[in-house]
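The structure follows.
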């Protein structure tokens, strides 16, 4: 897929909490085709400490309104600067980068999309995409507390939503892997993105029930386009770049101990 | 439009802007963003005789105005390059140079012999300065004796342009430059990365899997510029300057200090089209200052 | 409150934070902004036997995350120090150390003898690494032989704490550190500035009157941290780390890498109260991580 | 004089042209005593290229409204960031730094304050101060064109204002040294700040008429408080720091060829 360097404009910046912001970007030109699971490399301007671009997942693309959504969790100065962007400001992005989640060949397949924290970011777009292809979509979203569970209504547009929180303040109490839906249904495909321990737990559950499982990995990236070889992960084929061979990996390719 | 053509050693370039090894893949990674054939030369990834898996993750740390990397020369080896990559890159209408690394002299020689046979590769950049491999690599570049030895041996088998890339992690880079010049290097390029380190204080751990790594980016520019100036004063062969070049002004500074050409590395990560902007910016500078040829600004700094 | 007391060589400090020579004047320049006696140690301006006018203007250039300076050891000489400055600084309730520079060994010795007589000066920092003086200075610090020689001679006449400041402009800083340790240095401090250069492209001229100058600030931090780590592994005497420390996290990184103490230089220019913030930040870190003594984090990086 | 590190608040930011901005800063606390000719070192936040503080003259201090004025000429990224400051934003300053213009001992002395470009900055406060001490103040302000001559009314509050522009678009045509007031009056004190060639021309005029002449020098500064010795100028007493022994120098102390 052809990659672009684009200047997009902030159309809305919705502060979801003091930790999360939803950026809605737009452009005069039509947004390019983007697949679910792909990411962008964002240039951060006006920071004395941020030097490199920051990888951020594509949260959602609305081709009708020509909107690109990014869900930002404030971690350090780069994400802070992004969360502080004002309507009308310009953001420079490289996109679309990386591979994407794979689409089941069997249209009857039972699908589960499991996200934790900011890891839900790519799943909204994936869910929307799967639904548009006629699949039934189930989201399972976990967080520490109800304040980590953001914008539920958006997910509900595209599928069923199941929730866990560690403190029980929303949905079932516990971790995503403890949610009753995992016992009630038998999923064929599990897509996940979130903290590594969560993804490992999901992967081991998937292995047990023989489901196909795809995880989205993070890594320290310099270029985002396969040029620097800084972002490798160890796979059964040796070191591969997460920014080009990933971020989405079928769990069977990774050398995870699960 | 000024004339940007330049001859560096045995190379004929359409402009003095090259891409630095290890930061531009094999070129194709950037071809969505611009016409990469406009670049004066593309120096591809560090290549070794045999395949290398490189270092474990994590390989990168951001630092103030720079970055550390510990890639460790991950590549599939020279045979793979010849079979699978050469057939594609040879069609890019610019100079494609291979950056050649090794840990023992025999490996350098064997790989250089193979590369010597590739018609569309007009030269190699001999990397005797990579700080991210345990044996050899930087060790060659940090003593005059071993630097001279590896250049002598490679020169014997490699007939085309031989650019030697110097390590900045030395007391006197001019002495190393003189030593490799004496052995027949066609040009020297500098600087490779400076050996550095980053620590995560909260975790009390080094950030890189290899503890130390190579520092690049604008942070190192003042050091690189000084070294290019020193080496250009010392040697007669052309000097290619690099280290932290982010824009045309930086590139021009290196040329004023004595560089015949420049390379752009880390800046490609921040702006994949930076090479084109630098080429255009040099042209603009030459026009504004009334220069007809880019060669006029080489070493044109007034003291 | 953790215990920040620390012994470094023959010095007893109330905390491991010192100010770097040439960046903190004689201390009084900063006393409007804070209680400077809270600082573990103040290393005053580079002092030479005889008065020096230093280099002509311009002496400074800003660089990415750093700066170049070419002050060139401007000072009024050691006799002036004894007569006019010592009477004031001796009343500051912390360790006042004199940074001693020279261009010939005899000058170092003569000045060291004079400083040895000052009761309220518990030690000197021997600067064998200043890149901004034409003769001597850095030359001493870039070879084991000459570094050893100057330390040997000064050690003979100087009985109190002898901290030796190393140059980063060398192939192997550990070897120099070992050489000065063998001659009786009580500690080593590193790094001094890296030799760099800046050019004004529009004017086609070097920015500094001396063409090259010394690079400091966060840009050099990864290199400094690596060198401190290497030297701490090599020598038995304490290491004082500096180079680009801007905040407590940076300071802690140097200590984790093996430094017993740290110095703050360029950061004072951006925040004159940075030393106090670093002291408080180290204390906060120790408390948060359950350390009782600052000595526990020295070299505590886990590999 | 005691120096302070203060966080002041932008009360107004008046864009005077695309090259000049007038910042009006204030504070809850009373501003410290500041003398005319002194400067501040401003910390520039949110820039990826600016590392050191920037020296900026004190343009005016109004103790009644507790306002500090800075006149900013956009040169590079540091001054650009200052000119872009928004009302309510915080600016960190070290002040008051440097020496000050000297006050004539003879209350009948005829005074001329000559400024060019952004060099007028310290002269407004100097003029106000001199007037408050009962002196008659004459400003002579030069620029390339009328667009360089800013906020005339402010100077008129404190004295007579004479203007030259190189293109003749305002006041007399030519350089400040050609203004007719120099022939009409005989000044005892000349205070000047501006481009070095202008100050040198003024200094040589002053020498000719035997006037006392004080100039305000610029220099590359790192600390601004006499600690780094980066900002020296050559004087008859050797190298001295412009940030502590200056920025104001009696012309007889400098080694200028005039």
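Order of writing sets the labels: A, B, C and D. Residues in every chain begin at 1.
Please note the rule applied: a residue touches a chain if its C-beta (ideal position, glycine included) is under 8 Å from a C-beta of that chain, and two chains touch if they have at least 3 such contacts.
All figures in this text were calculated on a predicted structure; none of them were measured in a lab.
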* To do: Please identify each chain that touches subunit C as well as subunit D.
  => none
* Asked: Where the centres are mean C-alpha positions, what is the separation of subunit A from subunit C, in Å?
  -> 48
* Structure fact -> Cα centroid separation, subunit B vs subunit C, in Å, comes to 34
* Let me have the rounded angstrom distance from the C-alpha centre of subunit A over to the C-alpha centre of subunit B, please. => 36
* Structure fact -> Residue numbers in subunit D touching two or more further chains are 48, 50-51
* **In subunit C, residues with contacts to at least two other chains** => 61, 63-66, 217
* Asked: Should the pattern of chain-chain touching be classed as line, ring, star, complete or other?
  -> ring
* Touching pairs among all chains present in the structure -> A-B, A-D, B-C, C-D
* Residues on subunit C engaged by subunit B in the complex (per definition of touch) -> 61, 63-66, 68, 142-143, 169-171, 194-199, 201, 204-206, 211-212, 215, 217-223, 225-226, 229, 244, 249, 252-253, 256-257, 285, 297, 300-303
* Structure fact -> Residue set of subunit D touching subunit A in the complex reads 45-48, 50-51
* Contacting residues of subunit D [partner subunit C, same complex] -> 2-5, 43, 49-53, 94, 219-234, 238-239
* Structure fact -> So, in the complex, the side of subunit C touching subunit D is made of residues 22-25, 29-30, 32-33, 45, 53-54, 56-67, 69, 71, 74, 217, 266, 268-273
